[in-house]
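The block underneath contains the structure these notes are about, expressed in structure tokens.
By letter and in written order, the chains are A, B, C and D; residue numbering begins at 1 in each of them.
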Amino acid sequence: MKKLITAPLLDREEIGAGYHVLTFDAPDSPAAAPGQFLMMRATSWGDAPLLPRPMSYLSGGDKPQVLIKVIGEGTARMATAQPGEEYSLLGPLGKTWPESTLGKTPILVAGGVGVAPLVFLARRFQAQGVQPVVLYGGRTDQDLPLSDLLDSIADLHVTTEDGSRGDKGRVTGPLMSMLNDSVEIFTCGPDRMMAAVATIAQERQVPCQASLEAPMACGFGVCLGCPVMKTSGEYLYTCVDGPCVNAADIDWNADQ
Amino acid sequence: MKKLITAPLLDREEIGAGYHVLTFDAPDSPAAAPGQFLMMRATSWGDAPLLPRPMSYLSGGDKPQVLIKVIGEGTARMATAQPGEEYSLLGPLGKTWPESTLGKTPILVAGGVGVAPLVFLARRFQAQGVQPVVLYGGRTDQDLPLSDLLDSIADLHVTTEDGSRGDKGRVTGPLMSMLNDSVEIFTCGPDRMMAAVATIAQERQVPCQASLEAPMACGFGVCLGCPVMKTSGEYLYTCVDGPCVNAADIDWNADQ
Amino acid sequence: MKQSITIGSAELSNPVLTASGTFGYGLEFQEFFDVGRLGAICTKGLSLEPRLGNRPTRIAETPAGMLNAIGLANVGVEAFCTEKLPKLQDQGVTVVANIFASTTKDFVAIAERLARESGVLALELNVSCPNVSEGGIEFGKNPNMCAELTAATKAATDTPIWVKMSPEAPSIIAVAQACEDAGAEAITAINTIRGMRIDIAKRQPVLARGMGGFSGPSLKPVALRIVYELAASIGIPIIAIGGISTTEDALEFLFAGASAIQVGTASFIDPLAAHHVRVGIENYCEAHQLNASDLIGLAQAAKK
Amino acid sequence: MKQSITIGSAELSNPVLTASGTFGYGLEFQEFFDVGRLGAICTKGLSLEPRLGNRPTRIAETPAGMLNAIGLANVGVEAFCTEKLPKLQDQGVTVVANIFASTTKDFVAIAERLARESGVLALELNVSCPNVSEGGIEFGKNPNMCAELTAATKAATDTPIWVKMSPEAPSIIAVAQACEDAGAEAITAINTIRGMRIDIAKRQPVLARGMGGFSGPSLKPVALRIVYELAASIGIPIIAIGGISTTEDALEFLFAGASAIQVGTASFIDPLAAHHVRVGIENYCEAHQLNASDLIGLAQAAKK
């Protein structure tokens, strides 16, 4: 059940250009599952930036972690936060990844910072004795945070657009060659990547779960700020109906 | 000449309940004189709190110091600032205390945080080989920051309203007994204290300089936010015409 | 000290409410605190039929504020009555129904539907939403139209009518006075002001609709001024909204002349904000030995 | 890339100006940077006679903003012409004179006095100051009055007339169009919105006048929306003001359709703000191979 806590930052580790792992000291943190997220902001922000920022759990427990990428003011502040700084953490929020279909091999398709909820998922698979395949794409080898960690817990395949690491190109290339009746996909990354993955999955009739992103104000279904269009012509609200959804339910071509 | 610099906080020392001395590492800091002030805010404040806060120099040089008392959001943030935190410092601003009249004994009358520009002044006197008298009043012995320091450089007399240190009562009591033709007064503290001191000085025809406070937005004469009524019926602007003024020029009864 | 407040024919246990559109249907906050202890909650704006709302992007942040162009997405009055209201009553939550339509006829129909339920303390007419194309705010800008609407809904129900002001009315005072004359029991003020942000990289507005309603702490000084002006101009109680996050914010509005306040955007930043404000006012009253009703308008006396 | 911008019959070296009342008479900033490199500075509002201004407290802070009730304290047009203007000319500063009066006759008299000097690029009519009791803003709320005033001052001088809009006009668009028809060469928008703060401890308004004009970053979304609306409704250039602190802020307003911008409250937080914005726009233009004039209205095309 979601809970609002304040917790000091325990540690911040820069793990590449613009990427940081933040660890909080939160013994009263409620249990979180892979794919769930929290809304976080530092007490010191005062009135600006105003809204808390949604971040996926990289790991749960009493020392919850997030992986952040510097985008704007909020993430820039997180990227310079000092241990001891007090944060308010509201979580866990949203829906976790569904359990894997028995016997299927999970293929985790990650792009950039979308890797966080997939690392957490890979760990769940690992704990269940399942070895997932991870397909991880970035523009360059600078855009692959946590790939070393993934390498140690999954069967990792890397692609970069400039060929600086792994296969040159996008994740969709290797993905296609891996698809068959006994696999299922879990993906998180830039919208365009997920749309491409979802399309391929649908064509090949492979189950596909995606973790969505949308601007959020509240994170728990009350502001109605985070709709995503479904194929049914209705909206789902990313924070409560997602972020993990069945990719087939989403209208990936809607003008969002 | 005034200058806008950014400088890291070098040290913050809590010197009693709600009082802190902040020291900046500012080798490119322009020379400042006692009574002058700076407008300061931390870069990390972002858009809120918005305006820089006026603070008197406690000392100048390349490691300028201020004494702050926690009042509201800005000073609360200063009171938790960590070494290394970046501040923008605009100074020196305003008029210094005028030089003392030759041969007169300076009596410095301080209240609360108004002590800062008087400590700086006492040091100037000390450097000139003059031993000033300091009359320092507070509500309790908790409201007398820097009194130990003053004790070492001046002839210090303390009053507290609750008698917890020094004479019980207000500074005006001992002040009256000290006035004669060969003294002059420099005062900084709460408006009501300065008004009382100015009135006594005027009655006894003793020269009296006061350092004023007013809400400020700019600190250098462009917002016109900091007027104080003069006996002439015109306004002076605290930031450029003060803060140090001849107490006799001020209409202390004006509804400000 | 006594926390209860009288708003027309309604008695509230205390002066702290939550603002429409920022508190869902109230149930979502039960996990955080006992919502039943608030003076009341105002529901998300209810329309006659369910509404999907605007397409995204619907929200954007601004300095100490935010923009929203939700477009009054809601479950519709019928689903509210059958699915939400019974649960709210079970949990002892006092409910104000915020309602919206583009015609008087539809406003009346919603009022009539709600009149069939018990447990609705008041109807708050939203004649001030900037985020839909059809009508609504046109009522809120025009004293005559607003008065007629007030009278029509009043005739359709025994539930007290509150009218929520748009800060963009040419004369809010004229609109509020007209509503008072037409039988409104309270004025709520203010709804959002239209604002905008442009995405530099995309060179287009951030919100799909271009503009959105501006709310949050940055709105507070304008809302406070409007409430202060209204308090000197009308005889019915004012329920103040606009950037209230803390007990101090709430006190400013009560001192300005509001009889009660609503916590809005602040609930996104801290879901417990309204709870903290309620407790804070109670503590202030104890410390100063004042009833909550004694706080109303304390700063009006000082007017020059 | 070319930074110059045409505003009616005036050519500015670049689109960055400073806002009236936030930049003194311009000379105060020479210690920080070469003010002559700005597009222009707008003077503190000048009246026919010197004015003392309101009694304190005149300013207060709000979330990401501030309130001011200066009351147009100024040296008067005569002292400006003899004491300030020559120095500004010496230092190569381009000057827009912001002028204020409560009657058309006095507006005309100020315009005539300034017409005797050279080196005033334009007159900016402040018909939108919320901080004085006598007139002023009445012009700014009423299209007909504002048009007549525009025509009258225009007849009195060859200097171009710009008119500064009040966001509190019932219809800003109507006022701006009326000014355009009456011969204004540009519209500046916006002046402050009235706001308020109450001192909890004293239980009275913080400002002696009760209310003051609300400015700073928090005003930006409202100002941007107004500029965007105006740009689609009038044919003369718009000079945008309201919460502009950074290059990005300035670009938002240019993309919305402004031809130039003014940096206001930001100069209190960083006296070099206008300088940084000027350089920032220049850099943006270089990076994107665009002239400053190409930036105007880029986000209008994307309108739905």
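The definition used in the following text is that a residue touches a chain if its C-beta (ideal position, glycine included) is under 8 Å from a C-beta of that chain, and two chains touch if they have at least 3 such contacts.
Computed from a predicted structure; not experimentally measured.
When the partners of chain A are compared with those of chain D, the chains appearing in both lists are B, C.
In summary, the chains found to touch both chain A and chain C are B, D. Comparing mean CA positions across the assembly, the chain most remote from chain B is A.
Chain B and chain D have Cα centroids separated by 36 Å. Chain A and chain B, compared by their mean Cα positions, are separated by 53 Å.
Distance between chain centres (mean CA atoms), chain B to chain C: 46 Å. With touch defined as above, residues shared between interfaces to two or more other chains in chain D number as follows: 62-65, 208, 216-218. Contact with two or more other chains is made by residues 47-49 of chain A. Viewed as a network of touching protein chains, the structure reduces to a complete graph with every chain in contact with every other. Interface residues of chain B facing chain A in the complex, by the touch rule stated above, are 44-49, 73, 77, 82. Chain A meets chain C in the complex at residues 1-4, 41, 47-52, 88, 90, 214-218, 220-229, 234-235, 254-256.
Considering their complex, residues 62-65, 67, 170-171, 193-198, 200, 202-205, 208-211, 214, 216-222, 224-225, 228, 243, 248, 251-252, 255-256, 298-299, 302-304 of chain C touch chain D.
Contact residues on chain A toward chain D in their complex (touch as defined above): 47-48. Residues 21-24, 28-29, 31-32, 44, 52-53, 55-66, 68, 70, 73, 208, 216-218, 245, 265, 267-272 of chain D touch chain B in their complex.
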